[in-house]
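One structure follows; several queries about it will come next.
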Amino acid sequence: MTSTPQTAVIGVSGYAGAELARLLLHHPRLRGHAPVFFGRPEEGSPANKKDARIRLTDLHPQLADNNGAGNFFVEPFQWKALRERGIELVFLATPHEQSRAWAPQLLEQGVRVIDLSGAWRLDELRHRAVYNLTDVDPHAAEAIQQHAVYGLPELHRAEIAAARLVANPGCYATSVILALAPLVRAGLLDRQRGIICDAKSGVSGAGKAPTAKTHFMHAADNLSAYSVFGHRHMGELLEQLQLTEREITFTPHLLPIPRGIFSTIYVSLEKTAEPEAIEACYHGFYSASPMVRWYGTRLPEIQQSVRTNYCDLGFALAPDGQRLIVVSCLDNLLKGASGQAVQNMNLLFGWPEQEGLA
Amino acid sequence: MTSTPQTAVIGVSGYAGAELARLLLHHPRLRGHAPVFFGRPEEGSPANKKDARIRLTDLHPQLADNNGAGNFFVEPFQWKALRERGIELVFLATPHEQSRAWAPQLLEQGVRVIDLSGAWRLDELRHRAVYNLTDVDPHAAEAIQQHAVYGLPELHRAEIAAARLVANPGCYATSVILALAPLVRAGLLDRQRGIICDAKSGVSGAGKAPTAKTHFMHAADNLSAYSVFGHRHMGELLEQLQLTEREITFTPHLLPIPRGIFSTIYVSLEKTAEPEAIEACYHGFYSASPMVRWYGTRLPEIQQSVRTNYCDLGFALAPDGQRLIVVSCLDNLLKGASGQAVQNMNLLFGWPEQEGLA
Amino acid sequence: MTSTPQTAVIGVSGYAGAELARLLLHHPRLRGHAPVFFGRPEEGSPANKKDARIRLTDLHPQLADNNGAGNFFVEPFQWKALRERGIELVFLATPHEQSRAWAPQLLEQGVRVIDLSGAWRLDELRHRAVYNLTDVDPHAAEAIQQHAVYGLPELHRAEIAAARLVANPGCYATSVILALAPLVRAGLLDRQRGIICDAKSGVSGAGKAPTAKTHFMHAADNLSAYSVFGHRHMGELLEQLQLTEREITFTPHLLPIPRGIFSTIYVSLEKTAEPEAIEACYHGFYSASPMVRWYGTRLPEIQQSVRTNYCDLGFALAPDGQRLIVVSCLDNLLKGASGQAVQNMNLLFGWPEQEGLA
Amino acid sequence: MTSTPQTAVIGVSGYAGAELARLLLHHPRLRGHAPVFFGRPEEGSPANKKDARIRLTDLHPQLADNNGAGNFFVEPFQWKALRERGIELVFLATPHEQSRAWAPQLLEQGVRVIDLSGAWRLDELRHRAVYNLTDVDPHAAEAIQQHAVYGLPELHRAEIAAARLVANPGCYATSVILALAPLVRAGLLDRQRGIICDAKSGVSGAGKAPTAKTHFMHAADNLSAYSVFGHRHMGELLEQLQLTEREITFTPHLLPIPRGIFSTIYVSLEKTAEPEAIEACYHGFYSASPMVRWYGTRLPEIQQSVRTNYCDLGFALAPDGQRLIVVSCLDNLLKGASGQAVQNMNLLFGWPEQEGLA
């Protein structure tokens, strides 16, 4: 690709939107060709009235230092803008329902789409049920779903490069799938004994809306579990790892920190193993994956991956050689959302996977 | 007073309400005679429908350990309940407007009132303006205002004991007034050069309502100043310390901690002094005040006063003997609100001032 | 027991020591009969020189509000003081080695002992190995070990009441054992499939010594796992729950909060069950235990138990009726250390178990 | 300058050292020409033995993502390495005494020096006293001191460009001087009435050594003042702003956050002014300063400048037009240390001031 592609972000007001804007404004391949920023249609009339632009740095003051971000505006979305501005790739940082409704129309106009919501991640209807999506044209939607690619580069690099619609994974799902995929693919697990994923996330994962749960007085000096046996990222785990619900238990907790996910994953091995075998399994699996850092028998800490696009993995094997703990750390807003979306963009455009992410 | 008085709290759902409930349920003089808990009238229909009681521990789970608090209920407020239940003292933990409207009616029924809002703290109309209060009967309200006592025991012990209506001070105001009163009363200050009060408060001071400001992502890892040259506790400082607006500057900041106020207060002395003179001034002033801890030339830290009803005071005097810094620490929910209300109750009933507060 | 017993604390300088001092100074049965506070012998010459007393509130300024705690002193320990002062009960808040060495001598003098260290908790030599204890007289030590009682009132109430030496449990161990004991005793667990205990603790659990790990810059905005497959509380879990090492995996994590433990415990049931059966199992088991709060299918949060002596328990049962998650929360310094020690004292002296702890 | 200069960092193990390494490894003008990293001589024998190199990412795991930082080593310092490696510029991130001793020798070898310590910041002997520096050759040292340039680009841009020795300012000093310089230079202040600087800093400002003060249990949920009337950055304020000690009071506080400084600065104006005059004063002063962000009458918050090299400034003017509050925020490790050092390097080499810092 010789010329710089025109990109756009729809829905730039949340935490993931801010990170996405920051990454795109800094991206070396987009230099001098900033994305078009659209507000979410539902963000109220001001942002949707014609000529009602707001400054990007009014939404996100911390962006004022990024390549002149003060000069960028968030505009109300208009369909005709897509053609007029020559937009080739749209990032949807919109609610699930809206991503479900808009992606087909964008694709129809020849625009490629990276969707950060849960709308297109799940092949099976029963897994999608959790999002309460309604399709105007279920047949068309199903056809699109068939060709949507789950945007985890470490697992689907080639398909992503060729995709029209990339469904960017959930933050927890990224953390758990990257930790388990090498073991599952190698058939090392005793699936009978079950897999336990005890995951902990910083508060940004709960979104920007002020709620009783995200109030400082509740989140600080606290820890709580939520969505036990019912978190909506479960479907991603089941489909990507090809497990049954009884084989994997996933429990998210709310940590009193701004960002980061730490997953402690407990598995049993089919046969006793030496640590070297575990090392070899992960080494082989991720040898061509620049955004996974392998810690071996050191265990990563959440601080080390925060504000990076890395997923850090490490393990501990019990003296019995059979009980294995894998620890997976990442930044929920980067590798768990916007950084991964940029990684997917790099693949779509044939650029080095880590471009603009180190 | 021989028999145990019947008390009531109106508006028990906030942070101050929870602390007040905890203190009253534990109070040795109220043993076996728990307060009646009423919801705020505006707290929505459920709490106000007849028979629509909610369990106190459903509102505040942490109270489950307090003398069987699980057995207490929050009832919708009813005027007739006052007489039927023989209530002698009401704590109003209600919004300013409501406290302004209700206190006269409660007094008329012969009930004594300790109001935790700002409604009755200020004698001067221009200082009250900040609360946008409207009186149905301004003359009557003014008459009541004349007899309302500012509930800072260390300054108005005798008046409080005899009061019908006690206006419980603001949290910042308590912190600053206790730090300055000894110096002002002793005439040691060079008021010309001005007094600077740089105050910092934990997030509970911003209330229980989830807002962009109290969201963990904004409050954590942050510090911000607010209400600069316009905080509504200013009137209390001016009236209680008899200062003019140009003589005192007060700047509140939001600290990333749950509770506690730390005020750094800068004054100039009229004449150069030795540290011993400062010591003597404070010692004399607070010798009969059990809830003020004097640190001398050690400086208190916010941690030491949190979860106590103490106001901790310490100072540093510049080598020039003229520039003086006084540090004042307290818990905004206790000495800055509910603890002080209980201290006032003790005075009203002729009990030792610190009863139930150590 | 008619007269108030004389108690003493040896080693009052740490976090647990401060909490213990606070509880004992407040205890209604000890009113007017404060404990004797001794420093740790190894705390340096000043504390051990004759006449070298330090004020309790110099060690722990926050205690200044507790029943005149400012008037109490920490004295260098002297054996003859035991008899002279008529001490009946000693709390050892000393390092493991010292507790191992001193308890026999104290018992010999007719003093009862509650030891907060790990020295006497473990019957099996291989479990004690982790503490590197050396006994001058191994036979005598073993004889004492036989009669030491594991001080978890909910499991060993009667033995504690009669004990001469109570080994106060570890904080993590208390959290996990209370969560699992009802299920284990009822034989509901499928032990073959293994038990996973993912535990998280606040920083006070790491002790008062400043280290790289307890530095604010490392502990804040972070989460890390430690002592994986090798934490020294494992022996307590194995002995108290009568499990083998392969049946239970225990992983502690360091939370960025001052205090509190949250354990997420994953078990498989032998047979599918309804939630009611789980409710019944715990209800029955803890019906006479005032310091366990049962949350049922609500899950406790760490905030609710901090600064209380409660262990809060709740559960979630998977739709398959076989995978069960139990959440256990407590304050590591209270129910996990000093509060539990006071609970044990209450049993030793025949007082109500929760006296001075509500 | 056509070729890429060779730089070196001595003392890379602290927080500022880590940030400096990160910035230099990312710097576009140093691409492919990484700095040489030397340990501090006093960092113990391992780092100083010949061949005893340690990996940079072993010291700072979070750097593993920076342009192959895993391939860089920290070597024991050797004088001959300076010449052999052709080093033109050395960053000294060493203790004050060592910087004082080493800078002369480095200069003698024709190497330019940017010193991050306090050793060379102060012209007046009485201000330097706080650092207890001893010069082997006081005359020579004084001569060097005369030519050392205080490395605050916004005040000394031209001198820095020509300097051989740049004394990088203190973090607090940078925050306060940038806030006050425009007012002082314009002669707007009533210096008689005094200037109050109430400053608050995150814990990284206290350094990496674990101490009672930096222990999480002390720093978290707390606020404390320290070095009142005696902080060692005072000399910088006095010399750079040409004030007397009685004219300025500076009080630092320890905030429970990892990084960032927030200074609330109270001044009185010589004559009453309108906000526009304040705006104009700052606008003019910083129009050519890319690393100062001017907020006008909005007040900056600490979060917005953290992890940037900006100093954010805003103000509030009292209705009386005379009392003025200026708020200054920056990241103590960047604009307050390593970012500013890189800004100074840019000036030394004639590159755009903000290169590698946006």
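Every chain is named by a letter (A, B, C and D) in the order it is written, and numbering of its residues begins at 1.
Operating definition for what follows: a contact is a pair of C-beta atoms (placed from the backbone, for glycine too) under 8 Å apart; a residue touches a chain by one contact, two chains touch by 3 or more.
As the structure is a computational prediction, the values presented were derived from the model and not from experiment.
Greatest Cα centroid separation from subunit A: this falls to B.
More contacting C-beta pairs link the chains of C-D than the other of the two pairs A-D and C-D. The distance from the centre of subunit C to the centre of subunit D, with each centre set as the mean of the Cα atoms, comes to 47 Å.
In this assembly, the C-alpha centroid of subunit A lies 42 Å from the C-alpha centroid of subunit C. Averaged C-alpha coordinates give centres for subunit A and subunit D that are 37 Å from one another. Counting only residues that touch two or more partner chains, subunit C has 220-221, 256-258, 303. On the side of subunit D, the complex with subunit A involves touching residues 61-62, 64-67, 221, 293, 303-304, 307-310, 358.
On the side of subunit D, the complex with subunit C involves touching residues 15, 203-204, 208, 210-212, 214-217, 219-221, 256-258.
Those residues of subunit B whose C-beta lies close enough to touch subunit D in the complex are 193-194, 196, 198, 200, 218, 220-225, 228-229, 245-246, 249, 251, 253, 255-258, 260, 262, 264, 266, 268, 299, 301-303, 306, 316, 318-320, 322-323, 325, 327.
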